[in-house]
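These notes open a run of structures that come right after.
Both of the next two complexes hold subunit A, though its partner changes from subunit B to subunit C.
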Partner chain A sequence: MSAETVQTIIDDLGALLLFTMILIVAASQISRAIYAVAAQSFLIAIAGAVLATATGNADLWVIAGVTLVVKASLLPWILHWVVRRMNVRREVEPVIPIAATLALAVAVVVMSFHLSASLGSVRQAITGNALPVGIALTLTGVLVMATRKTALSQMVGLFASENGIFFTAMAVTQGMPLIIEIGVILDVILAALVMTIMVLRVRSTVDADIADLDRLKG
Partner chain B sequence: MTGDRPLGLVLLEMILLVLLGPLVTGIIQKLKARLQCRQGAGILQPYRDLAKLFRKGTVQADTASGFFRAIPVLVLAATVAAGALVPVLRAGPPAFPLGDALMLLGLLALARFLTAIGAFDAGGAFGGMGASREMTIAPLVEPVLMMVVFSTAVAAGTTELGALAAHRGTSWIFAWRAADFLGFAAMLVLLPAETGRIPVDNPDTHLELTMLHEGMLLEHSGPGLGCMLLASHTRQVVTLGLVAALFFPIAADGAGALDLLLGAGAFAAKILVLAIFLALVESSYAKLRLFRVPQYLGIGFVCALTALALRIL
Partner chain C sequence: MAETLLWVLPLVPSVTALAMLTTRRRRILSAIDVSGSAVLLALTLVLAREVAAGGPRSLGVFRVDDLGLVFLLLLVVLTLAVSIYTVGWLKQAVAVGNMKAESLRSYFALVHVFVATMVVTVLADNLGVLWIAMEGTTITSAVLIGYHGHRHGLEAAWKYIIVTTIGISFGLFGTVLVYAAAADVMGGAGSMSWSAIMQVAPKLDPGIVRIGFIFVIVGYGTKAGLAPMHLWLPDAHSQAPTPVSALLSGVLIKCALLGIIRFQTIAAAACGPDFAQNVLLVFGLISVVVATPFILVQRDVKRLLGYHSVEHVGIVALGLGFGGAIGTYGALLHVVNHGITKALAFFAAGTAIARYGSRDMRAIRGLLTVAPIGATLLMLAALSLAGVPPFSIFVSELMVLRAGIGNGHWVAIAIFLVMVVVIFAGLLHHAGAMVFGEPRGANRRAEAWSPLLAMMLLAAIMVLLGLTIPASFDGVLRRATEIVVG
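Right, the complex of A and B next:
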């Protein structure tokens, strides 16, 4: 594959990643948001495989495989399990209306593109749209975390944000050292487990959610 | 002015579109019926409906003004004129000044406006409600459609639909740039809204309080209703043709008889693909509550804006 083809494919995957992000922001049912995150992780695994064939870096194959297994299958499965366990169907509960969140997401996307266009020489070194797309994904993930009341939706936002960082790192550096990537993945798994236990515990002991925990008691 | 499509070809394409409009509706209805495990009416049923309506007499509300009678003809005329702008048999700019994609959207908006005016004019409660709802949804759909058009027009350097289709070329999805994916996604979100289908509107019911388009047709009867129905069939196929011109590749470059035949076949295939998509969406989703529609259309808006951002920034 020529460098130009690879760049086009990464750009296209970036567009699809942005689309899944929009779906996550707009999802009014938690299960749809989880499917969107799974699709996002799947796209990132594809991006890893594409970069692996392009650069001949065998580590990227491992990373693509691990992403596919852990982030595209295992994490969504855990999230679905928690949804079933908590017996909730519509667990999104936005702080501000979803339409307003969508408008903010647009602002974030435009801002990221504007920002990375103004980076000048740094931008020149990184071909294609991988950097602005990655920034947009990360910030929109944070936006999802900030505008949702329930812990589950915030988890979805965190994973989406993490996907953004992962995509940026992979596309910009053409493959980070394997040990770092594995460490990141392990962190994500641990975070998922800890948050899952937290969510279920909080739910079962005080029957409240994150939004209710707003007072500090000494 | 030189171009690829002479007057005769444009007229032929327009007539073809109008004649095939009801067939597309018939195919969608048949597909829907089969998906719901029903036998369903034949795919020619819309033609039979139209023939029946054109044989009937007209009844008019006492409160309606003389303008009311002209509405169906005007709506049909605007929609058919929009049909002239869609490239069917071959791509390329027309040989004479005709109008571009913005003109097409404007004509469709004019038809929508006239339909709403007609519904108000008749003085029925259902009509007024349908019209006000349609006018609530329309400002959310039309700007986004324009943005999708712009996002492809920026790359092609023209807003003329035939030239846009020619710019897309014969290559398939491999030639899509990043913005095309998002633009197409926005288009797929908007399609049910623009063609008046679930999850935005329900084309099958006349008496449900949630309806938009059908509510505005209630006061029309006989040939007038026939014109309105033919206009909505045409509008649907025009919208699908717009999507095909913007995003799908063309079959052949040449102007020979064989190439035109190939172009016609390819156009039919593209329309069929989109019709299957609409039927699948209609069978698998429930109609949205009216107040949820803006949120749904918001997805299309964000996708279109991101596509534009990818193209420009």
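Right, the complex of A and C next:
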């Protein structure tokens, strides 16, 4: 593949990633948000495969495979399992209206492109528009975490945020060292497990949802 | 020898954690706990000696230099103090039912895994490993914060894991950006190791390093408890079991500061020292100002100490922000002084809480009558935290002030001084009320020896560092300062 083709594909994937992000922000049901974040991880895995073919870097194949197995399949499955297990009837419970969150998300995307347009030569070290897309995904993921009360929506935001970082990291010249990426994914899995255990524990020991815990102040 | 120690050090707490799983008896667990921490301390001292004689050593993704050594020494000393303290604390906690006797081994194992992740954080040369270990500390300590399993503990643990994980993803993004800048200069796959990036740092693209540094300071700053990202800190510090509070406040937030300092050196080389210093200055001032009102109106003694940590992390950031040899030296010394003193304060507060069965400072009265030694130590810690000479914090705060005056940051100095005076009054008011007066509702049993021993150890270090800084430690601090200032 020529450099331009790769760049075009990465840019197209970036557009699709931003689209899945809109789906996550706009989702009024938690299960839809989980499907959207799974689709997003799937796109990241494709991006990894494309970059692996283009650069001939075998590490990226491994990362694409791990992303597919862990972030596009395993973690969404765990989230769905928790939804069923807890019999979640309360959905995303936004702190501010979803329309307002969407407007903020748009502002974040515009700002990210503006920010990275102001960067000079170093942009060549990162393929295509992976940098602004990555910044936009990361910040929007944080936005989701900050504007949702329920534990599962916050976890979806976290995964989306990590996806943004991975997308940028893959597009940096040759990707990050394999061992580091594996370590990062391992941390994400562990964090997800600990969070899941906490969600279940709050339900079983104090019979409440995480969203109801708001006594600590001042 | 020193190279071997680099991979042995993280192994020691890991092996200790595994050893915990072999038994359920409290006495044996405590014995393993104390001896594991003592071995860690002894090996670190050997490493410190080697580094003083032969300079920085590296092995794979690990590296130890004097900068890391400052934090490592603080970490191992506090780990040992915490282990000694835990002996007596645990006996009491099990007796009143705060800790379940059958699950003690998982508690001990988690504490040591937590320590192991912090050791890796301090020794990491590779910035990716630094991040992975930092997220590892979040995961292990989140479980520890919610260990009591009651409603408030779980709330604090959830808030902690969510806020710091959000924060730390910013840190990873910043790391990726700095790596991208380095890969651009180095060509090929580039390197994520701090020492390799430092060699090409002056050639890095300033624009991207600036954005990277902002991401890093927001990210690791969340973990360090810099305001306005400190929201998790008072909750976590107040709800965690007391030994864990001491580790969080004494070491964990300092490890995050080390991460910030590593990136500060890269940013200073790439875009000149002013940019990073100004950012640190702003966050430092915000932290000091935000913490003050909460310290004044606080009723929960552990929350009080938590907000106080926000203030002191702010002071360290101010020291780094004023910069120069004096400011940086003062900031590093403050890291150690605050770590030792804050752990002592948490220990003393923890024993008082156990005695009165309440964290509310209005309920804790007349401690001096029922527990004279503990009360004296609490008062010493409060005096030191408030910045009274001749205790150690006075010395480092003075250095930070001198650096600020020397560089002409008059506005920052004025705000800093006002806040320090207000906090001084507030803190001594709170401590005085707890120590003096007529004890009501206090348990009058004799003071347990092991918490006292741990506290006296820390108090001795606190007083010593206030009177004089030993030549060998001064050497470590000086060389560490050179690494930062360049």
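Observations
The rule is short, and it goes like this: the second predicted complex is superposed on the first by the 206 of 218 C-alpha atoms of A that agree within 3 Å, B and C clash if a C-alpha of one lies under 4 Å from a C-alpha of the other, contacts with A are read in each partner's own complex, and residues count from 1 in each chain.
What we mean here is this: contacts are C-beta pairs under 8 Å (C-beta built on N, C-alpha and C of every residue); 3 or more make two chains touch, one makes a residue touch a chain.
Remember, predicted model here, so these are calculated numbers, not experimental data.
After superposition onto subunit A, the modelled positions of subunit B and subunit C are compatible, with room for both. Remark: in the superposition on chain A the angle formed at subunit A by the CA centres of subunit B and subunit C amounts to 150 degrees, rounded in steps of 10. When the two complexes are overlaid on their common chain A, residue A:Val184 makes contact with subunit C while staying clear of subunit B. Contacts of A:Glu93 after superposition: neither subunit B nor subunit C is touched.
When both complexes are overlaid on chain A, the residue A:Asp11 reaches subunit B alone and has no touch with subunit C.
Once the two structures are superposed, subunit B and subunit C can be ranked by residues of subunit A touched, with C on top. By the touch criterion defined above, A:Val109 reaches subunit B but does not reach subunit C. Taking all C-alpha atoms of subunit B against all those of subunit C in the superposed arrangement, the shortest distance found is 18 Å.
Within the complex formed with subunit A, the residues of subunit C that make contact are 126, 128-129, 131-132, 135-136, 138-139, 142-143, 146, 149-152, 154-159, 161-162, 165-166, 169-170, 172-173, 176-177, 179-181, 183-184, 188-190, 192, 205, 207-208, 211, 234-235, 238-239, 294, 297-298, 303.
For subunit A in complex with subunit C, the residues that touch the partner chain are 115, 118-122, 124-126, 131, 134-135, 138, 141-142, 145-146, 151, 154, 158, 161-162, 164-165, 168-169, 172-177, 179-180, 183-184, 186-187, 190-191, 194-195, 198, 201-202, 205-206, 208, 210, 213-216, 218. Subunit A contributes residues 8, 11-12, 14-16, 18-19, 22-23, 25-26, 28, 97-99, 102-103, 105-106, 109-110, 113-114, 117, 129, 132 to its touches with subunit B in the complex.
Subunit B contributes residues 176-182, 185, 292, 294-296, 298-299, 301-303, 305-307, 309-310, 313 to its touches with subunit A in the complex.
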